[in-house]
Amino acid sequence: MSTSIVAHLWLIPAVPLAASFVILSLTNVQRAAAAGFAIAGQVIALLLSLGAFWPTLQTPGYRVFQNFTWFAFGEQALRIGFVLDPLAAVMLVMITLVSLCIFVFSVGYMAADRNFTRFFAYLSFFSAAMLGVVIANSLLLLFVCWELVGLASYLLIGFWIHKPSAAAAAKKAFITTRIGDIGFFLGILWLYGRSGTLLFYDGGTGALESVGLLSLGTSATFIALLIFCGAAGKSGQFPLHVWLPDAMEGPTPVSALIHAATMVAAGVFLVARVYPLFSLGAINGVTPSLTVVVWIGVITALISALIALAQPDIKRILAYSTVSQLGLMMVSLGVGGVAAGIMHLLAHGFFKALLFLGSGSVIHGCHEEQDIRRMGGLRGLMPVTFFTYAIGMLALSGVPLFFAGAWTKEEILHATSQWSPSRVPHYLMLAGVVLTALYMTRQMIYVFFGDRRAAAAHAHESPPVMMLPLIVLAVCAVGFSVVLTPAWPWLHDYLSGERATYNFSLLIQPMLYFALALVAAGIGLGILLYRRASEIDPIERTLPALFRFLENRMWLDELYDRTILGWARFAARLSDFLDRYFWDGLVRLCGGLGRLFGGLTKSLDERGINAGVDDATGVTRALGRFVSARHSGQVQIYLSVIAVGMLALLFLYAWLT
Amino acid sequence: MNSAAFFFIAVLTLSAAVAAACLRQLVHAALSFAVALVGVAAFYFLLGAEFVGLVQVFVYVGAVAVLIVFTILLTRHGTDENRGFNWSGVVIALAVLAALLWAIMRTPALYVAAQPGVTVTVRQIGEALMSDYVWPLQCVGLLLTAALIGALVLVLEEKR
Amino acid sequence: MMTPTLPTFLMISAALFCIGLLAALSRRHAIFILIGIEMMLAAAGLNFIAFWRFGPQPAPPIGVMVTIFAIAIAAAEAAVGLALVIAVYRHYRTTDVDQVDQLKG
């Protein structure tokens, strides 16, 4: 039973992949077929994922894998495989479920787009690659799928290729993540060099199992950090976070699917997957690599939460919020709360997809307006969107008891408070919670409350096909919290391989009051600040310099432009100069010498050699004419010659032996 | 192995083959050719490869020989069958025969006794075709399809 | 009378091969050439079967399989060859290979 499931695990990514290829072969007008194939592929993948999820529920700490040889070179063979464990299983279910919602939403959102079929082909392709990342049991297979995910992301960010900003954003995303991937790839090579295997689990000899880890020794720290480079690139961690907000140039369902729920989670997933590498040789749960993860996460979470406070674009706020939440997950992983981090990843997947789709609905309703300063009062015009968006906002802010985000955040805060080296990350994360509540309140008030400003005048509610996914995701965002509470920490124990017990008295933890107070402070502050929302932001009025600083994303893009890109430009100019004057001179000199030599040989040729060559060609031609005349064109003579030749060979053989 | 049967079949096959190669009348030659092929099939039976013998009869006598006869009928018009014989071919063929016989005679490793009762069943052949030889089988299928289409294209009337 | 051995079979097949060669080399009519080629192929098949029969046993029926495939290929060859004969006849109004020598140098 179990082996048969893991043997068919490859079907989960294969089905969307097949759907993608089928859709690519459709013409532009076969819209219904394209959407049908994509959604059917996703439904099948979801059912298969649930089928894979089922056995992991039966046994705590369930883990099966199947490895096979991809190709062999010389003595060594490169082996890849698939693995099914609680981490992979929950990710499978989350990804397929969220993808399905987003596919359905896209049917409504992209209804007017000319390249509707191409969009669904890309979406399916992305989903297939992402599922491949999740079930890979080999760092190499994971890397391949990882790059395919990057490719899908590139294609989808640049989907509206006619917009120069979209093309630029796609390029930026691709190149920025590639910087991280270089590190990742170096880490893979190093790991292979040290341990000779890239399999995660291989019956005790995989890279993540005792034998493999033993062979790493101190290099594990560097390998882990190199792999973290890749994770940081994909998950938008500081300093490689700059691509993620720009990626909002893609269609909103893409933002929801890739840049909120799934792809950016791949980095967090990767760290969780290779966690034994990070925690190797831990003293009291602390290793140098994990410490780096914590601080990068803290910086990312705080910086992006601050930046989110001053963004005018509804999607960019969410993008920075995503970056911030990813930072929070990284912190959680770094301080040792792997289960908490993954739980937040799953919960975040639901409510951030919900928020993005909600923002898509708002943008759709406001006729492609994205500036929240021009919206307002949409509450009455778009009731379903408002209601679901509010749920997403409360879940993201972490309002206790009913919303999934609250429980996972509480878990993470608890984990950070236990971290022995420093309490600073804990306090900064508490500040992050307040900031999150604050910027989400700001966004809510600007979009849904107050006066109806310019773009809101003709807003309309979206069609049912867009409403349905919103409602499903909202239900998930609330209902998911059932398995997260301390009273019944089912998911936590499921991920850490234990059997959950039910104890209602544990429901209310001291941290809960604390979190409630923080969230209330954030929301209260937000209401206080923004209750008279107008085109000019209150912070801008009181602290214009700070606002400018945050609005321009702390000048980080400009900093990169001045430093890294400036240096690159300088290097380019220098090479250009060298090329033009130094190398070019050398080349010219060589060319001159060559020409001189050429002149010499030419005269030699014409006087001396040409005559000889002419004679030689004459002979060859005469010979050719002679041989050609022997070609009678008669099949039988050819056949006879073959037979005689065979006889001659036989005689030669007889003579030799 | 029955030596009398062997002798009879050998004489029949070789004489039919000589007739096929030398008879003046094309139709007679074609019929002798069919007889020679039946003789080869009989050898197959004698050697314990009944299935191959049957295939030989079906394919060669049933299809190829008939095809040859049809072609003769289609192309008979206006051709003179009474034409010269290329004696250089006879010399070459005899030389090749001599060389081959010489090679066979001087290879002592060939003098091995046959083990009794060796045969191959249709079941074995079928299993081999569906397992080890499935790839060649598909290729032959493709080849036959190509030959079929190619033959059709060749004999189609040219468009004017 | 002697019991047939492997060399006798090989000699028969060599004789058959040379008769085929004779037909292919000496006759002017294209169909004779085809008959000769088919005969040579049949001789090769006979060789395969004989070697299989006299080889070490038990062995996988490789000789048998090769002969079956050779027969199939010979059938394809005959079909295409005869189609060529018909096509050539249509074009040149002859089946005499002496007169079909467009490839001469």
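First chain written, first letter: the chains are A, B and C, and each begins at residue 1.
Keep in mind that, in the parts below, contacts are C-beta pairs under 8 Å (C-beta built on N, C-alpha and C of every residue); 3 or more make two chains touch, one makes a residue touch a chain.
All figures in this text were calculated on a predicted structure; none of them were measured in a lab.
Chemist: Once you count every C-beta pair in contact for both, which comes out on top, B-C or A-B?
Modeler: Answer to which pair has more contacts is B-C.
Chemist: If I average the CA coordinates per chain, which chain comes out farthest from subunit C?
Modeler: Checked the centroid distances; the maximum from subunit C is A.
Chemist: Determine the centre-to-centre distance between subunit A and subunit B, using the mean Cα coordinates as centres, and give it in whole Å.
Modeler: Distance between chain centres, rounded to whole Å: 65 Å.
Chemist: How far is the middle of subunit B from the middle of subunit C, if each middle is the mean of its Cα atoms, in Å?
Modeler: 6
Chemist: Of all residues in subunit A, which are in touch with two or more distinct other chains?
Modeler: In subunit A, 636, 640, 643 touch at least two other chains.
Chemist: Note the residues in subunit B that touch 2 or more other chains, in rising order.
Modeler: Correct list: 86, 88-89, 92-93, 96.
Chemist: Can you pull out the residues of subunit C that are in contact with at least two other chains?
Modeler: Within subunit C, residues 21, 24-26 contact more than one other chain.
Chemist: Per the contact definition, I'd like the list of subunit B residues that touch subunit C in the complex.
Modeler: 1, 3-4, 6-7, 10, 13-14, 17-18, 20-21, 26, 29-30, 33, 36-37, 40, 43-44, 46-49, 51-52, 55-56, 59-60, 63-64, 67-68, 70-72, 74-75, 78-79, 81, 83-90, 92-94, 96-97, 100-101, 104-105, 110-115, 118, 120, 124-125, 128-129, 132-133, 136, 140, 143-144, 146-148, 150-152, 154-155, 158
Chemist: Tell me, which parts of subunit B touch subunit A in their complex?
Modeler: 86, 88-89, 92-93, 95-96, 99, 102-103
Chemist: If we count contacts the way the header does, which residues on subunit A are in touch with subunit C in the complex?
Modeler: 627-636, 639-640, 643
Chemist: List the residues on subunit A that touch subunit B in their complex, please.
Modeler: Listed in rising order, the residues of subunit A that touch subunit B are 636, 640, 643-644, 646-647, 650-651, 654.
Chemist: Mind listing the subunit C positions that touch subunit A in their complex?
Modeler: Within the complex, subunit C touches subunit A at residues 21, 24-26, 33, 97-98, 100-105.
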